[in-house]
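Look at the two complexes coming up: subunit A is in both, with subunit B in one and subunit C in the other.
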Partner chain A sequence: MSTAFSFPKIHSFPPLYTKQPNATIAQHQLESWTQIVLEYCAHYKITSLSLAGVPRYSQDQSLDLDTLPPIFDNKEIERTVNEEFKTTIINHLIHKLHKADYINPKNPSLGIFIYWRSLTEWSDLLYSYVDKSGQLGTILTIYELTKLEDAGIPDNLKYLDEELLIKVLKEVLIKKGKAQILMNEDGEIGGVKIV
Partner chain B sequence: MGQQPSAPKITAQDKAIFQLKQQRDKLKQYQKRLSLVIDRQSQLARDAIRNKQPERAKFYLKAKKQQQATISKTYGQLDNLEGLIGTIEFKLIEKDVIYGLQQGNEVLKLLNSKMSVDKIDKVLDDLEDERLRVDEVSDALGMGSGLTTGEENEVDEEFERLQRELDPQAASKEHSQDKTKDPVLPEVPKDQILPEVPKKTPQQLEPERKAYEPLAE
Partner chain C sequence: MNRWGNDKDAFLLLGQALEQRHLDQLSTQLSVIQSVLVNFAHEHEQDIKRNSEFRGKFTRICEVVGVDVLELVLTGTKLDNYHIALSVRIVEISQETRDINGGLLAVKELVSILQSKNVPIAASEHDIETSVAILNQLGRGFEILNINGKKWLRSAGSTISSDQKTIYELCGFMGGYVSYRLLRDNYDWDRARCKTVIDEMILNGLLWLDAQQGETLYWVPSWISRT
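What follows is the complex of A and B.
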């Protein structure tokens, strides 16, 4: 089990929870929040959040996502970020910092990917694993790249969210001409050939 | 969209391997599911015994046994699948190797066809002709080829001198080697035996030689 994330002191500062009228202060506020979100997700290896800021998926299989301390709530000071401000923070993450993306842009309510590691960084990790294990040019299933127990997947890639993996394949490796995907019977991406 | 780099091609063999690997993944998932079921059934059986429900407990234990048997069957199938995947992948590599050998063979053939013996003879003949022509020109100009006899003699003399210079060194080296070998062995016994040995040896050696002669006959 990993240790609990220790929120920065500012997380216990009540004014942080309401959007400040002063533009400069509001800007700082957004910076603080996005930093908290990114550090929190990196700590728990969370790769996607719901629009309400609830963890959706973590690479850490020993983690019980329901028992994690909430990001946008602080019971001790009885403060909660309201929906509108949450949306502002998420938009800031997506459009200003490019550290997040809608899981499905056509259906934003599904939640967002959080990029504490960029898609390119993920693709580098994946590529170097496939390369070092001598599996370039072979057919690999999505399952064996993420969950297969005895495949020797390095810890930083193990149990990576399949949706995120597919995004990495589509948006980085395929665009570079380094990968080709294979569809399974259900018409979903089931495998990949990385060269 | 227009200028996407060419994507790696998926061959029929790739698709076959993909099918097999998907089957393997399904089996693995099935095994995982079964082992979770087994865990739960053990727990249920334990609870049943605790609640004094022996029939129920036996039911769970039987079911668990069944699942365990299934799991061991799936291992056999998994083995088959993995084996087949491995064989296909290896055959593909073999195919590449043979292709490589064929290509190499073609290149070698091509190179050999360009190097027929007749052609080489002709080239060498031409070369010899040209060389002769060069000599002719040189002679005509009175330059001769190479060194004069006098110069050749000087080379020989220098060679001998150098050899003489080097020879004594080589000889002395041999001597020093002998010396270093000799002292190590005999000096130790000499210290003890010296006074007796010189007196007896001339007498002893002669009879010994005579003694051996008849033996040799």
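What follows is the complex of A and C.
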């Protein structure tokens, strides 16, 4: 079990939950929020959130996502970030910081990937594991790449969200010519070859 | 192909040598100018201190050439390097935090920021007052204010009216916030006065808006770093 995330002091500052009218301050406020989101997700190894900021997937299988302290609510001071402000924060993460992306741009309501580790960093981890384990050029299933027990998969890759893994493959490794995805007869991903 | 490669290497080496020589010459010239400036400062110390226009021009030349004005002007007086270095840090921190606190920084907070730097500086409130006095010799316009028994550093360029000071006093008393009602009950201010003062303080970054509960509250940003 991992330890509880300790929110920074500013998370208990009541005005943080109201969008500030002063533009300079509002900028600082957005930076505080995006930093909280990224540190929180990195702490719990959460790689995707709903648009409401609720954890969607964590690599840490021992976590019960429903019991985690919420990001955008603070019960002690009875403050909550409203929907409009949440959208502003998420847009800032996606468009300004490039630290998040819609899981499916055609259907934003599915939620967002959070990049406390960039797609390139994920691809480096993946490539170096496959390389070091002597599996370059071998066809591997998604299961074998991230979930197989006793296969020596490093902790930081273990149980990586399948949707995120496919994004890493498609947007980084395939573009560099370092991976191929093989589809089966049902049109699903049958295997992955990293070269 | 090979010969061409050799030529290329030779040109590269020659180019580097020329560039290095040029750089050496320039830095020699620069250090000559710097030492001339230092001598000049010592010779004309009184003039520099007395004549503000002269001082301004001299300071600008120093900046361009990379001479530390603080050290120059203060070498004559009996101040140690510690307080000079501290005063430089104070200016830096005031500038860094100005956007968030509107130019009014709790001295206690300043002490803890100094300690949290990569190279921590231990400073007492007294040290800070000494360094602020040094800064003011240079016409910097910093001021230590006393609000509700708490010391604040007001940085150059920002101003605090007596109404704003009153609001900070009440915030200190209330644990960080004020509201129109609190100001009316405690000081008998009417709505217009509350609005004028508070709106300006929000504009200057001296207060943060909290509009989640029934009554709108206004908070001091220094709450975030209170201990």
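Note that in this section the second predicted complex is superposed on the first by the 192 of 195 C-alpha atoms of A that agree within 3 Å, B and C clash if a C-alpha of one lies under 4 Å from a C-alpha of the other, contacts with A are read in each partner's own complex, and residues count from 1 in each chain.
Simple rule for what comes next: a residue touches a chain if its C-beta (ideal position, glycine included) is under 8 Å from a C-beta of that chain, and two chains touch if they have at least 3 such contacts.
Here the structure is a predicted model, which means the values were calculated and not measured.
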Worksheet item: Can A:Lys193 be said to touch subunit B (first), subunit C (second), both, or neither?
Response: first
Discussion item. If we overlay the two complexes on their shared chain A, which of subunit B and subunit C does A:Tyr17 touch? Say first, second, both or neither.
Written reply: second
Worksheet item: After lining up the shared chain so the two structures overlap, which partner does A:Ser133 touch, if you call subunit B first and subunit C second: first, second, both or neither?
Response: neither
Discussion item. Looking at A:Ile174, would you say it contacts subunit B, subunit C, both, or neither? Reply first, second, both or neither.
Written reply: first
Worksheet entry | In the superposition, subunit B vs subunit C on subunit A residues touched | B
Worksheet item: In their complex, what parts of subunit A are in touch with subunit C?
Response: 9-10, 13-18, 20-22, 24-25, 28, 78-80
Worksheet, complete the sentence: Per the touch rule above, subunit A residues touching subunit B in the complex are 137-141, 143-144, 148-149, 174-180, 182, 184, 190-191, 193-195
Fill in: subunit B to subunit A touching residues, read off their complex
4-10, 14-15, 17-18, 21-22, 25, 28-29, 89
Worksheet item: Tell me, which parts of subunit C touch subunit A in their complex?
Response: 99-100, 177, 202-203, 205, 208-213, 217, 219, 221, 223-225
